[in-house]
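Handing you this structure, nothing more for now.
Note that the chains take the letters A, B, C and D in the order they are written out, and that residue 1 is the start of every chain.
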């Protein structure tokens, strides 16, 4: 829709007290006089969201008089459904929450604020385009599942049940992974008390019998190129044969491996063949009654040592979650097989969360003895002896005469392929889980920072070997797991169309892995469906716009390719950026990064933003009415401002807020344009950055902060004070703090004085 | 309401230290249409320490004999006003009923006296009967002498409610920590019910009898709480609680430098007075610390 | 059948004692469920006067510490308030367990000169003579069980109480009340003890 | 909400029933999440937007199912609505609230403060629509509220309605309620003012809560600097909730952080049986533990009494020190567990002994998600919701059962 064919209609709502606080006639004049909207297409209604008001708008649209509706009423966050007119572009001006609910009614300043928001909307309407969807050549809806363990098999079966073709890759010669070797599984069905039969054989059979699933054994993915709905994966078989397959989405279910027991010498591994890991013990249980490796006799006294390698700064800093239940299961099994066997579990914290508590009680009832304490050592004297500091008896006791010791070793995620040589690249964890918690202060001396490995890193080759500018690995977060960083969105991934599930994401048991895999299958299906319709995935679900680069103006600075948090932009051999629109999540970080504004979306451009900024009328210096621009993240800071309005929190009428997709999409030009057009200051409000970042586009606010560090030079060249531009981390819950934050900034602006560019 | 017969097990304390409980319970029961038929030639239930010397079976045999005698008199529910007696008798009754081995062994012992018992009686505490069978409305109905202005600290103690009050087999008549039945009784009698935090605090039970040094502090706390709320009387359903806290007050005063002189009475005595009975009927002359304020309320 | 109490174990965490307790003690079957939360010991009105308290006692049982358990003060100081029993999150009959352990301790000769035991013996004298507990006799026997002089001292200490009780009409000076068939009762109890001993011995 | 948006974004029509007045559930009442200490409002906003922008989701608040019949692919769900007394004409202008004179308990803040009888459930409420409290219906005040509305949105004659929905599959995502702390008699909740629950602590720490986010003693508004957090208040207890509620340990670690963030000289004691900081959440435990002003006491508190100055006094046994303690605090927070929402029209065969909905072993299309299915944290709940969404759309598609 070009500017010529646009027929904007302006609809002003005087309801909810807007008409009482602001002269509507003055607003109408802004539209009709300043922006030349024909008077018959500028209407005021006292209940615009009511049936009558909506009917009025609909009538204009149906008559063909209007094809773009500018609604100057409440916040764009509300009444979305009511102001939705199919095929008609809607632009909103927030006169309620962010004008009349936070400023004094009837004042000139209030009127000016309302008028400016209307101007911004009018300019937005003029500049905004109707996004046309990205059209690929063809879309593959086939789903690649990497890993043939419980998680992978479940994901494959669930996706196939939905009618999708699945390609299942397993690096070994059998399906079923670790789980298939379990003699029994921990209970996940009521009454949660007994070890349950292992139903892996059925799952394997179901997958084998499913015609939509193609299984490749002894196969690894050696290269992944392309983008969602059009990935090309290179598969290499054990014998070296290489094939290529096309898939639409990828589920990485590569599972876990037990922690290397040879590092657990302090727990006696290696001193006797009768000190075994829980995985080894499980294999014994699966093939019959456990036997001592030393003499083939059935053990009469067995001790399980929990947290063998887990929760240990020298080994795995995290809790492997499943080991407590796994040991309970094994202990119950031995007691059941031979009630005269003495079984001990030495633990520090018994972690049987949820209904697994029932299983803990079952093990206790079965006569397993629980000893809380730290293991001080394991020796091969008097049979085997475990020395424990029994914290509940408060004495050190030797647990002597043991026939077997089982080390409950932890889970190591297969987020990388373990390799022997040191030549492989070392992936870095993105998140330091030990970043400190905010504390008001200490009564005494400040303690040392908590110990612990800030980041676990594993040497290893990439699993998918992504041919992305951002590197071959699926990003690895805290503790070496390929997890989501978001509590609310466990499938929020940094590589669009690629989902991890099962223990590669977080230590989890069989039941949870199956559930997780089912969820991942849904996300993969969702991805191929949405992408083949040109729609964006979470969090801007449904967005049709995508970045377009005018290569004629490109300087090959590579900022867009480097900064794209999703690895959506690759480079040509000549160094030009190539956008993979189906990898893109539409945050606009590339647009914000580009120094020469060659990147734009149909409905979101630097030009649109700067034009909206400049649409604001900046009063002369003499009027002593400063203007501050707030660039507010659409998801947190902008709603926070709304919340302040809903709570009727008074805020300065001198601020003008422009919502942005993400602070990462803010070009430095927005800031310099604002200052050169007379704004006295610019506040950039984004989400929390750092290890506990909350930006759903990963580094949006961090990028903004970095860029604003550099804005100093620009300001200097403009002879402006650096205090005029500041970034803030604002959450929705900060609504209450906004008066204080904005008030302080206004004071700073007062103290540095008016912008000398005013009126120039 | 027509009269309902119960087989009554008074327990040993009714003979001496807890006479006034027995007397007042008998007095009020008549007015509440409860007929008490005492177990003929009853014996001790084993109380709280018997098992230590002779073990569980011999102890159980004591109650076994009582129950066997009671059963000979009919199928009426067996009730006891004494918490310890109730606990023992109830417990033994249940194990005879539910545990075939115990039933067999006890009957083997009983057979030497030509007795037998199969566990088909129901053993109840008098308070539970007052709550579930009689009800507060009925109690209120009998009040002819409302005890307006009498400040009562209701002290339930332990065994009247624990461990059975909150269970189906205990009649589900109240809770363990903050039961309401005793306050409700007092309220029905027109007395002023005081908030009393140690409502279910322990007086030391039988430990107080043989090692009071360990438990005087417990009793002192209970007395202090009663003094803090300015109680005219402490009222309890438990004979051991009553005797301990009444009898040790002098010694507590000596050890803790306090000056307690707080009468401890039974709820049944309060009811008796509220029902218009005299000092003798309410057995108010049986106290080491005279409950003056309660006696003042007696209808002249 | 019940097994005799096992010999003291040579090493910690020998399960012989624990298993015996689980099988032979009233409420013992749930001891293995103890999760060492401390609710019982914390709920005890005289918990601060117990050497181990019930919670640690349960751990000691599981650690096979027979000697220490049966000679501890914990099992003798239970006031039977049942707070622990009704609050135990694992529904262990704590009170019953402590009582039963005390009788085991007596039977096994671990309980010399314990006040509870003396009291219990005095109690049994009264019961077997008269069929009822006569508080005067129980008290007297109990006090004199400490020896003649000590008995006098203890009795004198309580003399004011006794005289006030007499005055209050709650302690008679006459002969004790008697269960008429006290002989029957003695026979029943004797028979029960016989059965008990048979059980203890038989395996 | 998660199950609904995931199914709808995969292209299926969803009816989302909510018994309360706003979407968002317990999460909307949380101040922050562990371990990131981020605000749930952020994810809530995203999900609200996903729903607003997706015409495939039909939201019905104050609506609960009373009967489910039929079979996989063809269920009839009979639902009942309760009146809000405010219809869709509401603009959320707030004039009705100004006309209300009665104050009613604020359910959003667990009754710790009050709101006018015409109120917005909370600032982020979805739908953004006022509610008239049933307490004032039939009074002149209600009429005044009605006439204050310029948009004819107040409808005092609204009646409960019953109607049927026809669906292919049902997902129970009915969540939980905090265990009734009054049942923990010896803890004195409801009698000792300064003994509160963990869910109340969330509101106390929240800016939109009764104290505007300051952690103050309910009895006198003094700063609560000595704070005890009591774990397993009801959970892991055969007399109450036999299962472990999973989230309470971590929520209490978070509460310790709330207190420590506000007061430099604060002391927080956490009374616990086992600290269940499972998987990667271990690091959160480590970080809180490193603060010398947060102490961990392995003890299930036996009882709480009220000491001088309204200070709650904890009694119990420190099991590692083998020590009986009586310690007083400014504020005690009971980490009460999660109890599944009861009264659902679900066959007994589909629930476990505790009331969690655990369908298994049949070929129906009834599923459960989140805490309705077991004690889960937020992340696991969303994970289970996503899985349930797939199972449900498989039924809608007419796919195989399994």
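Here is the rule we use: a contact is a pair of C-beta atoms (placed from the backbone, for glycine too) under 8 Å apart; a residue touches a chain by one contact, two chains touch by 3 or more.
No experiment lies behind these values; they were computed from the predicted model shown.
Asker: Averaging each chain's C-alpha atoms to get its centre, pick out the one most distant from chain C.
Answerer: Between chain C and the rest, the longest centre separation is with A.
Asker: Return the chain pair with more inter-chain C-beta contacts, choosing between B-D and A-C.
Answerer: The greater number of contacts lies at A-C.
Asker: Centre of all protein Cα atoms: which chain's centre is nearest to it?
Answerer: D
Asker: Report, in whole Å, the distance between the mean C-alpha point of chain B and the mean C-alpha point of chain D.
Answerer: 44
Asker: With centres defined as the mean C-alpha position, give me the chain A-chain C separation in Å.
Answerer: About 63 Å, centre to centre.
Asker: Starting from the mean Cα coordinates of chain B and chain C, work out the distance between those two points in Å.
Answerer: 22
Asker: Could you list the positions in chain A whose residues touch two or more of the other chains?
Answerer: 350, 392
Asker: Of all the residues in chain B, which ones touch at least 2 other chains?
Answerer: 176, in rising order.
Asker: Would you pick out the residues of chain C that each touch at least 2 other chains?
Answerer: Residues 35-36, 56, 83, 86-87, 90.
Asker: For chain A, which residues count as touching chain D in their complex?
Answerer: Contact set of chain A toward chain D: 15-17, 46-47, 49-50, 74, 77-78, 80-81, 84, 157-158, 161-163, 189-192, 206, 311, 317-321, 349-358, 391-392, 394, 433-434, 436-444, 447-452, 478-479, 481, 483, 486-491, 506-508, 512, 515-516, 518-523, 525-526, 529-530, 538-539, 541-542, 635-636, 639, 643, 646-647, 687-688, 692, 694, 696, 731-737.
Asker: Show me the residue ranges of chain B that touch chain D in the complex, using the header's touch definition.
Answerer: Contacts found on chain B: 175-178, 197.
Asker: Flag every residue of chain C that touches chain A in the complex, lowest number first.
Answerer: My answer: residues 11-13, 15, 18-19, 22, 32-36, 56, 59-60, 62-63, 90.
Asker: Which bits of chain A are touching chain C when the two form their complex?
Answerer: 342, 344, 350, 360-361, 364-365, 367-372, 390, 392-393, 397-401
Asker: Which stretch or stretches of chain C touch chain B in the complex?
Answerer: 26, 45-46, 49, 77-83, 85-87, 93, 95, 99-100, 102-103, 106-107, 111, 115-121, 123-124, 126-127, 131-136, 139, 142, 160-161, 164-165, 167-172, 177, 179-182, 184-185, 187-189, 191-193, 195-196, 199
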